[in-house]
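In what follows, structures are represented as structure tokens.
One chain, subunit A, appears in both complexes that follow, with subunit B as partner in the first and subunit C in the second.
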Partner chain A sequence: MSGMPTIQLREVAAWVGIVLVLLAAWLFVHNDFYLRLMMIGAAYMVATIPFGLLIGHMGYLAMGQAAFFGLGAYVVGNLTTLRFEENYWLALLAVILVNAAVAYALSFPLFRLRGYHFAIGTLGVGQLAYLTFKSWDWFTGGTFGVSGIPTPAIGEYEFGDNSRLFLLGAVFLLISAFTSWWLARGHVGLALRAIRQDEDLAAARGLDVLFYKRLIFVYAAVFAGIAGGLYAPMQISFDPSTFTVWSSFQFVIYVIIGGSGTLVGPALGVIFVTVLQQAVQDFGKWNQIVFGLLIVLCVLFFRGGLWGALQLLWQAVSRRPRHG
Partner chain B sequence: MTAILQVRDVSKRFGGVEAVKGVSFEVERGALVGLIGPNGAGKTTMVNIISAHQTSTSGEILLDGKPIQNYPTFKVAREGVSRTYQQNRLFLEDTVGENIRTGLVWSGGAHRPNLTYPGAQGTENQRLEALLALFGLKAYSDVMPNELGHLVRRRVEIAQALALAPKLLLLDEPFAGFSREEAEELIAILRECQRGGLTILLIEHNMEVVMNICEYLYVMHHGALLASGKPADIQTNEQVVSVYLGASL
Partner chain C sequence: MQDFTVLVQQLIYGISYGMNLAVAAAGLALLFGVYRVVNLAHGQQIMLGGYTAYVVSTAFGAPYFVGFLAAMIAMGALGVLLEYAVFQFLQKRPLTDQMLASLGVFMVLGTIALRIWGDFEARAVHMPGRDSALVFSGLRIDASRLYTVLITLILFGLLYVIVYRTHIGRMMRAMAQSEEAAMLMGIRRQGIAAVVFFLSGALGGAAGALLGGLFNVRPSMGFQPLLMALVIIVFGGMGSINGALVAGLIIGVLYNLTVFYVGSTLGELLPFIVLLIVLVLRPEGLFGLPVRRA
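Our next item is the complex of A and B:
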């Protein structure tokens, strides 16, 4: 528990591996449909990995994360298209500031709550945000939403197609994953684990519990906003129906299905749910029922999520006696 | 001697119930003071208020002359007030060593040169080693709390509380379930810490222990302070014998 642990070789290898996988995906996947799924998936991972710190590591089940995702998308939409014609990167910077400020302000009433009450409080925030997105025409375009977000560009290099937008998403995914990893492995991670276990005891041992709760809540909200800001130019148009309470549940599902309390789990959850949603399309009007059923089965049989199941499988395989 | 802790006219109301009624008392620096009384007397509520786990409805708590009643829990802990709980509380997903280290890490590097009990001085690792040795926990450093018996878990909890290098330690029934031999071992540890400058406020129902180790006693009954004095005086106080000690001695 003392200080920041030294970086292990296998951790460096894991990061190199992740970068190579993303690079390979960008270089070798040319199918536009797959690229689109990957690009949207990357944006959702940007939000979900930090969100995993909040609900998995810290144990605070937030049910309104789509509010911050939507806020990010609308700040970009408003500043670049709807009311102003600002530069995309400037808008993304504004997303960071606006989301941080809103999350910080909300943290005051929300962190007077714990457990189920916190979950219900955030659910209320999610619903309130959805209704605001629907009715505040000046900011969001109301039910018509926003369309035609300009293509982000760095100099002459435009992120104008799915492949390049995936690259943009992948870069932010790396930033989101790396910062989450860095936070989880040091004093912050220990503080979060203690808060999840017994926050009164942690406070009695000198931990400024409220500071860490606010830090992670704001951190997760900022990355949810960045994810929304990335999501905006990936769509021809978007409207409030993307940021409903159901969308907030989806973030929770990603973390629980993938494996809460881990960093890989939430990313795995996004991949699994995205693939599953496509796979059940063949069931026509029954697809949502089949989707729900599969989610229930997953939770039932893989309590530690998919990542937990993979780890168990790996342990079983590596323990098997070798013949030969 | 000067008072390290001053409790002035503290009350605590839960709805219509007044759990603590205008209680005032002082704890001298370096003393081992007992807070006794029947169940429901308000002793644990008093400790909860001093350690800022609960806020008082009115009154003042002074630590070294400084009012701390409006401080959050972590700040009271960093100011030098540490505590244990009636029901043993540890971080169950962390090993014994990690549990004790939490106090070292989060106490903000508290440095109190006048404290010399084991674990109060030195580097983080030296302090951890000293606490493990003091409580006979070296063999359990990498063991999870769930694998330990009541006695060892209680020791881990006190070691964790001492890892903050506190000036004042609040112990809530630390001897519950202990045999005489086990109690004597813990008494020896507490005495060693006291010699090293630690002040202890002890809530305890084991009257043999209380009468033997405490230098001064406060008796609470129905949320109010019923009596105070040296153990010999308390034992002969008719009111105390009538409401509490009659059953205990």
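Our next item is the complex of A and C:
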């Protein structure tokens, strides 16, 4: 198995571009409403990009990701306000450990399953987690929820308003995106593709299939937890209704509409869905119809999603005359 | 003997609830067995079945039984429509793609119902026996619960006759065993697909009309039965109708007894704990075919 492919100039340029866009967004957006959408969007992207590796690259449809998202939020809630008054960063570290441990334990039963069985199994985990969040008052405050997460701070610099919280989210977004990119471009990415195409063949050819599946599952769960940990201080309060099976479906929707099997797609999906949600708000309750139809259309005709559509468009525009 | 009476009563409630879920699950199981689709939109067929029964029997004042039949026919037709509009294009795709598409359909149908009938306003379907009870020596049982058991037994009987005693049923079973061989024998795929989607939708509609009669009708009522039905078809074995009936009864009775004797929290958790245990120990379920393990 060969090492990493050499880094191309194109990729460096893309990363510089992403950092610049995030920086520009932070510097020039002052509208509090937009900042709020941006910071929540950033938190969701932290979870969605690694999740895209799981359901897109690897092809394992997980339908209970809100369980890990919620676990992250509640671990932070417990350690900073509900039970203890620990430092926020310590709590975030605890989230990483707890989520990794829980995901690792769950990977044993869940990866005995594949295909629709895996989807139903994770759906069951998601529902179990939601019911647990709802009824385990000691850990979650029950339906009253958790409120008053202290603002994270580094020394004197407090992440007290939406703009600074967006900055915090953007930093973790970069970490999440960069690690996902790093994983996807090397031999892990090849392994994931092999698993999606034919798991039995990959195993027969000597690939330690279970190792890679477990790696990506734990990785996605850890970042879902971090996203939950970031989401917690962005809210005045949160309760179990944020972590239902529907929230899990939301992550799937981001990836499918944005474009599964790519790295940009899931992030694009979060942006697109957030913007569209604002745009169709005037229709009131019709907005779910728009997303439902989009999913059906994406699955039926357009597996590449939005990012695939943009790429096709780019190819059409920039097509040069062929020689020979 | 007070305790014993209560236990019998709870058992009967559990059986009626379990039968009810079994009808919903049988629709899913049939569809999976013949057509290899895990149709999440089935949950909304349950919900819309409840509303069809409500509209026909409460708003138009027809007898409950007419509303029940209308729900079955309307949801069967909706199933055929879904096959025609969505699922026929997903034949060669991974099963998870079909689940995703059905999730989209779930959202669309849910929104339509929400739009027509409003948020969380519960509506009652006038089921006969809802207000009357049978009393045997201190044992009080709602008549509607007994009707439910009776109706579901008739439905399962009909389903058995259709699947095991008719030509169409034989074609369906051939399709389930080997699609290619069945098609080589001259069975038309499209025709069987339409029949199976109709039957599945009709069972969903029947489950909805019954649930609406026992409890109330609301736009969100399809989700819980859908999750329970998924648990049941995995437990009973994907694609097995016998499995759906047996697993439905077990889950319904367990659920009711746990809610009554231990508490509703554990009762709600229990089906999903069962799901995980079954998936780990016996992924093929009670009556299912062997599953290739990952």
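In the analysis below, the second predicted complex is superposed on the first by the 300 of 324 C-alpha atoms of A that agree within 3 Å, B and C clash if a C-alpha of one lies under 4 Å from a C-alpha of the other, contacts with A are read in each partner's own complex, and residues count from 1 in each chain.
Heads up, the rule we're going with is that a residue touches a chain if its C-beta (ideal position, glycine included) is under 8 Å from a C-beta of that chain, and two chains touch if they have at least 3 such contacts.
Everything numeric here is computed off the predicted structure, so don't read it as measured data.
Engineer: So in the superposed three-chain picture, is A:T179 touching just subunit B, just subunit C, both, or none of them (first/second/both/neither)?
Structural biologist: In the superposition, A:T179 contacts neither subunit B nor subunit C.
Engineer: Considering only the touch criterion stated at the top, classify A:Q127 as touching first (subunit B), second (subunit C), both, or neither.
Structural biologist: second
Engineer: In the overlay, answer first, second, both or neither for which of subunit B and subunit C A:N87 touches.
Structural biologist: neither
Engineer: May I ask you to decide whether A:T274 touches subunit B, subunit C, both, or neither, giving the answer as first, second, both or neither?
Structural biologist: In the superposed model, A:T274 contacts neither subunit B nor subunit C.
Engineer: Check the residue A:S147 against both partner chains and state whether it touches subunit B (first), subunit C (second), both, or neither.
Structural biologist: Neither partner.
Engineer: According to the stated criteria, A:R205 is in contact with first (subunit B), second (subunit C), both, or neither; which is it?
Structural biologist: first
Engineer: With the two structures laid over each other on chain A, which partner does A:V296 touch: subunit B (first), subunit C (second), both, or neither?
Structural biologist: A:V296: touches subunit C, not subunit B.
Engineer: Subunit A residues in contact: does subunit B have more, or subunit C?
Structural biologist: Larger number of subunit A residues touched: C.
Engineer: Report for A:G115: first if it touches subunit B alone, second if subunit C alone, otherwise both or neither.
Structural biologist: second
Engineer: Which subunit A residues are contacted by subunit C in one complex and by subunit B in the other?
Structural biologist: In subunit A, positions 209-210 sit in both the subunit B and subunit C interfaces.
Engineer: Any idea which subunit C residues touch subunit A in the complex?
Structural biologist: Result: residues 38, 86, 89-90, 93-97, 99-101, 103-108, 110-112, 114-115, 223, 227, 230-231, 234, 265, 268-269, 272-273, 275-276, 279-280, 283, 291-294 of subunit C touch subunit A.
Engineer: Touching residues of subunit A toward subunit C in the complex: what are they?
Structural biologist: These residues of subunit A touch subunit C: 59, 61, 109, 111-121, 123-125, 127-128, 131-132, 135, 199, 209-210, 213, 245, 249, 252, 256, 285-289, 291-296, 299-300.
Engineer: Touching subunit B in the complex: which residues of subunit A?
Structural biologist: Spelled out, the residues of subunit A in touch with subunit B are 1-2, 187, 190-191, 193-194, 197-198, 200-210.
Engineer: Considering only the defined contacts, which subunit B positions touch subunit A in the complex?
Structural biologist: Those in contact with subunit A are residues 51, 53, 72-74, 77-78, 82-83, 85, 89-94, 98, 101-108, 110, 124-125, 160-161, 163-164.
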